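First the structure, then my questions, so here it is.
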Amino acid sequence: MEKILIKQFKKPKLNTPMLIGGLPGIGNVGKIAAEYIVDKLKMQKLMEIFSEYFPPQVFVSEEGVTYLVRNSVYYKKLPGKSDLMVLVGDFQGTTQEGQYELSYNTLEILTKFNLKTIYTLGGYSTGKIVEAPRVLGAVTDRSMIKDLSSMGVVFPKGEPGGGIIGSAGVMLGIGKELFSIDGACLMGETSGFFADPKSAMNVLKILSMIMQVDVDLADIEARSQQMEQITGKAAEEFQQRTQQRDDLGYFG
Amino acid sequence: MEKILIKQFKKPKLNTPMLIGGLPGIGNVGKIAAEYIVDKLKMQKLMEIFSEYFPPQVFVSEEGVTYLVRNSVYYKKLPGKSDLMVLVGDFQGTTQEGQYELSYNTLEILTKFNLKTIYTLGGYSTGKIVEAPRVLGAVTDRSMIKDLSSMGVVFPKGEPGGGIIGSAGVMLGIGKELFSIDGACLMGETSGFFADPKSAMNVLKILSMIMQVDVDLADIEARSQQMEQITGKAAEEFQQRTQQRDDLGYFG
Amino acid sequence: MEKILIKQFKKPKLNTPMLIGGLPGIGNVGKIAAEYIVDKLKMQKLMEIFSEYFPPQVFVSEEGVTYLVRNSVYYKKLPGKSDLMVLVGDFQGTTQEGQYELSYNTLEILTKFNLKTIYTLGGYSTGKIVEAPRVLGAVTDRSMIKDLSSMGVVFPKGEPGGGIIGSAGVMLGIGKELFSIDGACLMGETSGFFADPKSAMNVLKILSMIMQVDVDLADIEARSQQMEQITGKAAEEFQQRTQQRDDLGYFG
Amino acid sequence: MEKILIKQFKKPKLNTPMLIGGLPGIGNVGKIAAEYIVDKLKMQKLMEIFSEYFPPQVFVSEEGVTYLVRNSVYYKKLPGKSDLMVLVGDFQGTTQEGQYELSYNTLEILTKFNLKTIYTLGGYSTGKIVEAPRVLGAVTDRSMIKDLSSMGVVFPKGEPGGGIIGSAGVMLGIGKELFSIDGACLMGETSGFFADPKSAMNVLKILSMIMQVDVDLADIEARSQQMEQITGKAAEEFQQRTQQRDDLGYFG
């Protein structure tokens, strides 16, 4: 078996398409945002990616139907603008080799559609609940900073300190070094404690400007508010407990 | 060395054969059931599978003879019905890559015998001893649910929650996606604490209907009762201890 | 780089040679015995095996000279008897794949010298110090049991219970299944707490009969006695301490 | 994707070049020293090495620009002397296979430039702060000991006891065994607790003699002194605490 097996469904001619990559990760910010776009823009499936670099697992639907884990790429033609491709999926590659191979293989195929720019999405973990989560950026070429800044993306000095690990980082790195394609990573600030639709919504607002497409954010705003009610209470309790503990001078 | 090495012993012409896969796993339910069929139906060995994806190990018989660990496929022609192939073995692949490769390679060869359907067997761990263990199902195509339900297989909503991991899952997934072969997983409910012949017997009853073959269940019923006596006592003691512990208000 | 790189130094014509394999393992029994034969029989180097399956490491001599870790095969022609090849080395393959590949590749080359039989050496861990350590056997074909028994090798029912893991097992298994070469494993009983020359000496006595060659055992007997003095004292103290602890009714 | 991807920028003709290898490791001694040479000698980039054996990671500059992790080789022609190549980088290979493959591939390419000698740099961990750290040596051929000793490199009997693990060791081993290139490892003594410019400076002094090039050590001397002030205080406190603890007769 090939380590990565791709089923391609369509051969569209695309106009300077951009790729948006949103795989599972911190706070699932990238995955939530990317899947929301696929859904709201009613995108079409371009290809499916099966791989030994994913867990040997099928999901089972509520009805009882199995589903082999995979990544998928969707596309949509946007007349007069850059066309759109979105990478979503169930897992990132589970090994270091898998991360490189999956990113490389995916990009290798997508370059045949004249891929022009890559935007990877991720979460930026703060380890605490943030009132107004920012969207941080990192770019493969400094010339991209100005435009993104004007859309509200921030580039704080020294953040993210440890670089970007995983698909969101390595797709940009491979895109730049091995395919000469520029790109940016958009990182929604998130506590990292749970799936975070609010952070994803902030990322979507930026993406909307990048894609020059209005995305209806009503649904994710609702999910975001629901989540905030739940986590708001949890956070309150947590802070009270922490407060008490600090008052008592505990260390551990 | 090839990562998977197959010794094929026969080249039978088979009629729309089904494959039953029962490798070691939770409660060894699948392995016990599959080996029981091979034994009771006096099946013939079709091939042996050696692999780097298995532990580097030989077993030693009571007499002192070594045996390199392997998987094996047996077959039996069943005139007027679908012929039968059964996969049994000492281990599942020990790595993620191994799981995919072994399933893929096995199916690739078996498709040459016109493989029509795949039934994988496994255990569904409840974490406690169940009086009347059910057989849960998951299918690659919803059209299979009705028949299996009529045989007593249950498809409870949201079970198994985490999907199916390992050979029982990935063989179905690969069969469906890469070989266009449908199949089902039959999961015998089991505590998961020990090898569980009772759960295997329940799975065998369903398989008997699927294969349209009467399998003499007397032996496994005897083993099942023996096991129940042993574990029944153990469970009783365990519950008493747990009870006492709870009475004492212990946490850890 | 090839995953296994072999430097072959000689192309001798060998007469029905046997291979003795003694790599590091439990009590280093196999390694000590095999290296002793290479030394005492003044064997010649046939080949060296370098591999990614070994740690990325050089040893440094007392003088300060580096030595890339490796396995080596030595040979000796024994006119009128079966010629001799001995595999020794610094490491076994450190991964499951490495174990299979190294055994397979080594055997693949040695079969070109008409390899007839394989004897792998190992330690059989008892977890306590044994007064008169036995040599246990396991064979690929039951026809070999009689001869080995007559030399003093024992085949106790149900030992070794877990089979034989690692090079000593997988070389026999691969030899048998993939090269149709029979063989036996000789396991010297050992506490497993330290390198055990006494156990190795017992194995050497058996090997001497198998090879039909007198090996001067004076040196290893001396080492064995030295070691026994050291470990005898240690064992005595250990037993006294254990005794006291038991008297005190400790559990942990 | 190739497991190792090399971008070569130049094709210089080099005169009996030596390679100095300084990748991250104990106390980062080798990395600090090698990067210092690249900087002070204003060396030119020969090639970049990307690999699946490195973490799937990009670094992000203070400005916000991503950088895919890599190793790099720089060179400088030194008329009338042996030309110079220096290997620096962000990571060593993270797996055993990666260590071998990266060393092998790097050497395979550099031999095309007539590579004559290899000097790998590393730290030798003492586990405590040393007043006057030595530079230990290990060589692939004993004939090299005399010259290095005369430069101040020491070859203490039995050090390093465990051999040399990782890139600094395996490059020498592969160089010697598979490319017939001799070399030496220079190990700067270091506590191993932090990046150690003082140890690196000592290694640089030796390298300066080997290369027959004056390297301006003013900057690293300054860093070394800064670091010593910081760590000197830390060490003092640590020793006082340890002292107190010993006075109290603590064990754990």
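Lettered A, B, C and D in written order, each chain numbered from 1.
Assume contacts are C-beta pairs under 8 Å (C-beta built on N, C-alpha and C of every residue); 3 or more make two chains touch, one makes a residue touch a chain.
Keep in mind that what you see is a predicted model, and the values were worked out from it rather than measured.
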Most widely separated chain from subunit C, with each centre as the mean of CA atoms: A
Subunit B and subunit C, separation of their C-alpha mean positions in angstrom: 38
Where subunit B and subunit D are represented by their mean Cα positions, the distance between them in whole Å: 53
Per-residue multi-chain contacts in subunit C, two or more chains: none
Graph class of chain-chain contacts, one of line, ring, star, complete, other: ring
Pairs of chains, among all present, that meet the touch criterion: A-B, A-D, B-C, C-D
Subunit D partner contacts - residues on subunit A that touch it in the complex: 93, 96-97, 99-101, 103-105, 137-142, 145, 155, 157-160, 163-167, 169-170, 172-174, 176-178, 185
Residue ranges of subunit B in contact with subunit C within the complex: 1, 3, 5, 7, 48, 50-60, 62-70, 94-95
